[in-house]
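Quick heads-up: structures coming right below.
Next, two complexes with subunit A in common: one pairs it with subunit B, the other with subunit C.
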Partner chain A sequence: MNTASYHPVTAEIAAELRNVVGDRYVVYGDPERLEPFGHDEIAGPEYAHMPEALVRPKSAAEIARILKLANRERVPVTPRGAGSGLSGGAVPVHGGIVLCLDRMNRIIEIDPDNLTITVQPGVVTNEINERLKEYDLFYAGYPMSLETCFIGGNVAENAGGGKAVKYGVTGRYVTGLEVVTPIGETVRLGGKRVKDVTGYNLIQLMVGSEGTLGVFTEITLRLRPRPKASADLLCLFPTTEVAIGAVPRIMTGTGVVPTAIEFMDRTSMQAACEYLNESIPYREAGAMLLITVDGPDREAVERGYDRIGEACLEQGALEVYVADNATTSERIWKVRRSIAEAFKLVSPHQSLEDIVVPIAAIPEMAAGIEALAEEYGIAIPCYGHAGDGNLHATPVKAPEWSLEEWHERLPQLLTDLYRLAASLGGTISGEHGIGHKRKSFMPLVLAPAALDMMRAIKRALDPNGILNPGKIMDG
Partner chain B sequence: MNTASYHPVTAEIAAELRNVVGDRYVVYGDPERLEPFGHDEIAGPEYAHMPEALVRPKSAAEIARILKLANRERVPVTPRGAGSGLSGGAVPVHGGIVLCLDRMNRIIEIDPDNLTITVQPGVVTNEINERLKEYDLFYAGYPMSLETCFIGGNVAENAGGGKAVKYGVTGRYVTGLEVVTPIGETVRLGGKRVKDVTGYNLIQLMVGSEGTLGVFTEITLRLRPRPKASADLLCLFPTTEVAIGAVPRIMTGTGVVPTAIEFMDRTSMQAACEYLNESIPYREAGAMLLITVDGPDREAVERGYDRIGEACLEQGALEVYVADNATTSERIWKVRRSIAEAFKLVSPHQSLEDIVVPIAAIPEMAAGIEALAEEYGIAIPCYGHAGDGNLHATPVKAPEWSLEEWHERLPQLLTDLYRLAASLGGTISGEHGIGHKRKSFMPLVLAPAALDMMRAIKRALDPNGILNPGKIMDG
Partner chain C sequence: MRIAVLIKQVPESSSVRIDPETGTMVRSGVEAVVNPLDLYAIEVALMIRERNGGEIVALSMGPPAAESALREAVSMGIDAAVLAADRRFAGSDTWCTGYVLAAALRKLGPFDLILCGERATDGDTGQVGPGVAAFLDLPVATYVSNVPDFGPGLCRVDRLTEDGYEHLEVQLPAVLTVVKEAASPRLPTLRGKQRARNAEIAILRAEDLDVDLDRIGLKGSPTRVVRTFQPKVTRQCRRLPARDDAEIELAADQVIEFLRQRNLL
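And now, the complex of A and B:
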């Protein structure tokens, strides 16, 4: 499907859309109100693109009608959650309709007997655990944007986050979906059962498909008993090298599976602390690991963090602080969660990256990032989910570079960064997704035959190419 | 693709196959030697179908050549592991070539620094953990046929097994695959990284696709630190109803996630014990739960099994025995693993089923199975992975029924059983797969639009329909 074959959203189509969702929930011909729906949280106006219409449906039935209309009229449709994405997944790069799911924000059912929760896609992720507290259950997803992002977006991007070392990423918890397919059929996949081999795993095909294969209208998530105890270790290291070097040892040498191992270099800690006007004892440190251990009781957690703390000290940590109350833990995690936001203020010209490598390759990857920074003469502060091998290296425009120079040199820098990750057995995105930001880099990590398989699946399920075109790969 | 459009394996094609893999590794025109490759472990000759040729390749390159040849000649190819499947996945229902992977049985690499193992598909599943012992690591897959089945078949069927309550099923551990696609391209998907959102999740699309979307030639599995302690509880209950009724309570009311909760009714226990000439103290019991708890140390395990044991007694267990040494544990588990085999000897005319329901619906499902047994006037002994809601109800031909009557009435019985599972939010297979055994029942649990999506994906990746046709659904 090439761009030329899409049609514009005409006044007649807009009228039909109003007819489907109601006048109030369509924006058309009003650039000021459409503008916020033309970008996500990627820094850089070059990644933005204005929609022609914004539509805010309330139900699967409305979405099905909109998608049928879009197929008939050959108008692209881009689903959007909270717009907190970091790869352009919700940006309507071919114009057309943005389908915003913010009105579909109900928690449909909490089922403690089956350990499931069923939600609409527009529920804010954090709300899920807030509501589950009274049931002593928890949902293990913990993206850093959890206070604003929508669960639908988490599923569409297969979000990772802070607790994936122990609990895995979003997809592990999705047992059921109601999906409106690109051609406007509503299908239910899975349900509350925890095992299911009834044909192809369409659920996991949908998870992480970045809104290109279907619009989720109901999501059933598997819950777990809430861990009865938890503690955080704040481990200060002299340098990035020493901190990152400790990670493989913690993962393989302690016999403990930590809930989280987050890495922050000095620049990241400093930026977030200043942004929050917070002081954590980082002055002496060149880098930091934030490590969480949880378990069924306090003794188990203590034994776990003792082992990990010892391993950190053996590996060269300067100091290990234990935070075993919720207030202190939340303070430290807030610093971690705020890094991306803080950086955007400090350095509006930057590229937040998301490479992932096998855990044993983390030290080499971190060293390679430092070498790239030196070679290009820019800063590449770095933080991320070190326990998963997932590092948010963030190249920042050198002050002496012009904007033109930045835009000229960034693609080569990213190519070098991605090639390095690939050469270490890694890939270009661990959790933020491909979107349109990274699609031109896909051949660096995927064979032509694998990309052809993805294109064939896309064509098979979306023959007119109307659902979120221009993402992941071109048709 | 309809059957009529497949071509036979001619002597010329057989010669070409010999040219690819070597004379010794092709069987053609020798019904006696082909016969074992015409069935799997399903009881009943009606599920068997003879291949025209057996080919035993040694490499991905050979498989790619065979699949290109098969596309050119329009000959169906059915991949086969150990032949221990229970839904006919490896049965060549349209004849053609059986591609047996038994010669691809190397453990390629154990990587303790990345917690991965990379294997060829023909490795016997049990061998993986035997080899990992010296590394203090373990692979969490534990299908009941682990002493004979191949890991490739486990991935193709997304096998479940005894430890899925805590650790999940096979797919959770597959981080990398080398696959020969239906059109004969060799692609690598994923690797040793634990997170990856580089486009569609082709790995999880391949997992459980029953050999219809690709032939796996290398499999990378994620490992875990070996649990330092483990114990089994053997809990005797007066009746199935009381035993099954305890399961949801154990799962949601103890705060402990057990490794396994296996259910065995009296008939199942008895059959397996007699088969093994084993005596476990079941004489008083109408039903039994076998519950495993593992953890990082003995204290944690003791606390866990104390809570679960108490819950069982509160729920009406007659007796709870603790087995905390490897020899006793293995004795009990061997009884559990031998049930299917024992039943086949006792009752050659049976249908081993694999329904799965949400955990809270297990009691209702078990009661429904007993009601069906009464209605049809046959025995339906029952056992399985109760902690996952996955029950192997096994309708057995009544002694007074003729074989004709059995074959006439079984489809209606299965329809009733599957409808009941579906009405409780369950489905027709939790781990054994659809194959050709259950494909006609798919519309009971999947909407036409979902089946159409599966067909569209199959056609997109296998345009000539040559790879394991007639499985999961018809084209």
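And now, the complex of A and C:
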């Protein structure tokens, strides 16, 4: 599986692609229109790579034909959802065809009796819950990009997000998949069953496979009864240490399982608040926790957030704000969701990291990140999902460093960061994935035998290395 | 200083749907919130109190459920809340609403200052604030964009207009409607929420007020909705090619000319 073995997308292949999906849905030989499909949301341009062709199929049958064609012609195919990923999963690192799933955006079926919804991969994640409102049901996935990302990408990356503390990550809710395999066969896995031990758990193999093992064309998701009420607490703390230190107490001492516990250090909340023109008195604070509580009714939620809010004050919070309606709730979650965007404005040269450690190790990890920042003399703002140990530490290029210096020193810094996470029982990615961004660091956290298992699976399903090559590990 | 803030409970606007048959808003099952623009009036009141001391009373007219909007105001720091709630108020238009609120203010008064949001996000008229001023025979300044400061018997306000700002001195007592620019609303604190939960919301009924029963509610409202419809939006789009420098130059000139002709430049 090296680049040399791939063939270019010729005019003849492009014509065949047009034949499969229709003229309008193929872009070929037009760099301006192909450019947006050469990158995802990683800030660094060095992670981008131009595709040779873009194809926008409408059905599993079309995708199967495209993959068969690609196998015959030895052209790599990279599936793409909304392109909101953060590890390069949708970047065609070997060129070839980008298979964009934006036209497959139908909600196929809502089945309230079985508590499932079946969707196509191009449905915007947020739309699922909009449509489920009238059924009093909800889908518990909540990636921070939910207003733009596609559910197919969520499944491919096993997206986590803000509500994982209580509800877990995307994979927990996937019960059925229709998949076009790398060689162009269409298979159905799972269904609407709560339990299923029919052989290997191929669904969970597909979940998080980053588009390397199959293209999802139908996704069945388990739903839950919609919590009737929820409230968010925005807690200001004097320092990171105090804020992070309060998390174990909140998790274990209140008898309430919060839906989310998000952490923002001083730099992150300042960047986001300034970006949004937000007037929360963040300047006096050193860190923030954003905690969500949901429940069956307003009274239960009030009891829940009272306990958690009191615990925060006991642990040294400077102030606890409460948002219990759509206006205020959206206002404070916007602060959290805007951090990544705000940082890109502060400096385009940064590396959004995604380390995850067991929750009891969070204070030690946070302290270690601060020590690394000091050692390297750069800012490493840190935010993320404190309730599940997933911290988005984000090294930002020091203004006095040249770009060369940045590219030279970043790998060493990341190695130190990842080693620290690993030494605490953590790993290099909790929810963004490996892609091509982190694959060279995989040996830091996975034994050679484990990587060999992954390679064996990839080779068995994709003998020609057609589907999303160059991701997760080298062949 | 005694300040009254008039607030309205409205459906949360992102979840509002319009019934295509009747053309009216579907309110059932939609979350109710404090009219977002009223939050700015609440914040201005709180900032005045922080600087000048005094007491703030929030007043709303609405169904019993509007109590939760008043509790939100209390949780932000308002001292007392009063709800004018009576079946006989139901269906009031902006004229009747102003009439009832004015009567309630007379009953609860005297006030030095009455603050309102610019308009409610559901009805969108912006008439109730000025209406209240008319019924109480008080001066009114609309679109106030600052936290007023005070002189003897007067307040100084900036009024946002299409062309800029007016700086006014307004004799007190007065009614002010404020715009977003004036202040950024604070979030309720945990302590504020706990206080609001136990706060007593006083209820005013029609008989508590000096109002003519024939002039309130649907039957007292002079406004008649004859027909509602959604305006047809027609946009005529002209595309200007700009493939090379010469075309870009030409297109830019055409855009400038287009805007000039419409007095937009």
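To be clear about the criterion, the second predicted complex is superposed on the first by the 475 of 475 C-alpha atoms of A that agree within 3 Å, B and C clash if a C-alpha of one lies under 4 Å from a C-alpha of the other, contacts with A are read in each partner's own complex, and residues count from 1 in each chain.
By definition in this document, a residue touches a chain if its C-beta (ideal position, glycine included) is under 8 Å from a C-beta of that chain, and two chains touch if they have at least 3 such contacts.
Every value quoted in this text rests on a predicted model; they were computed, and no experiment measured them.
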{"item": "Partner chain(s) touched by A:Val322 [first = subunit B, second = subunit C, both, neither]", "value": "second"}
{"item": "Contacts of A:Ile428 with subunit B and subunit C, given as first, second, both or neither", "value": "first"}
{"item": "Touch count on subunit A, higher of subunit B and subunit C", "value": "B"}
{"item": "Touching partner for A:Ile332 - first (subunit B), second (subunit C), both, neither", "value": "second"}
{"item": "First, second, both or neither for A:Val194, with subunit B first and subunit C second", "value": "first"}
{"item": "Touched partner set for A:Leu403, first subunit B, second subunit C, both or neither", "value": "neither"}
{"item": "Touched partner set for A:Ala11, first subunit B, second subunit C, both or neither", "value": "neither"}
{"item": "Partner chain in contact with A:Pro248 - subunit B first, subunit C second, else both or neither", "value": "first"}
{"item": "Interface residues of subunit A shared between complexes with subunit B and subunit C", "value": "none"}
{"item": "In the complex, subunit C residues that touch subunit A", "value": "12, 14-15, 31, 33-34, 36, 39, 72, 75, 184, 186-190, 192-194, 197"}
{"item": "Residue numbers on subunit B that touch subunit A, as the complex places them", "value": "111-116, 136, 157-158, 160, 164, 168-169, 171-172, 181, 185-189, 191-202, 204-205, 207-209, 213, 224-225, 228, 248, 251-252, 255-257, 295-297, 299-300, 303-304, 356-361, 385, 388-390, 425-434, 442, 445-447, 449-454, 456-457, 459-461, 472-473"}
{"item": "Complex contact set, residues of subunit A against subunit C", "value": "233-234, 277-280, 302, 305-306, 309-310, 313, 319-328, 331-332"}
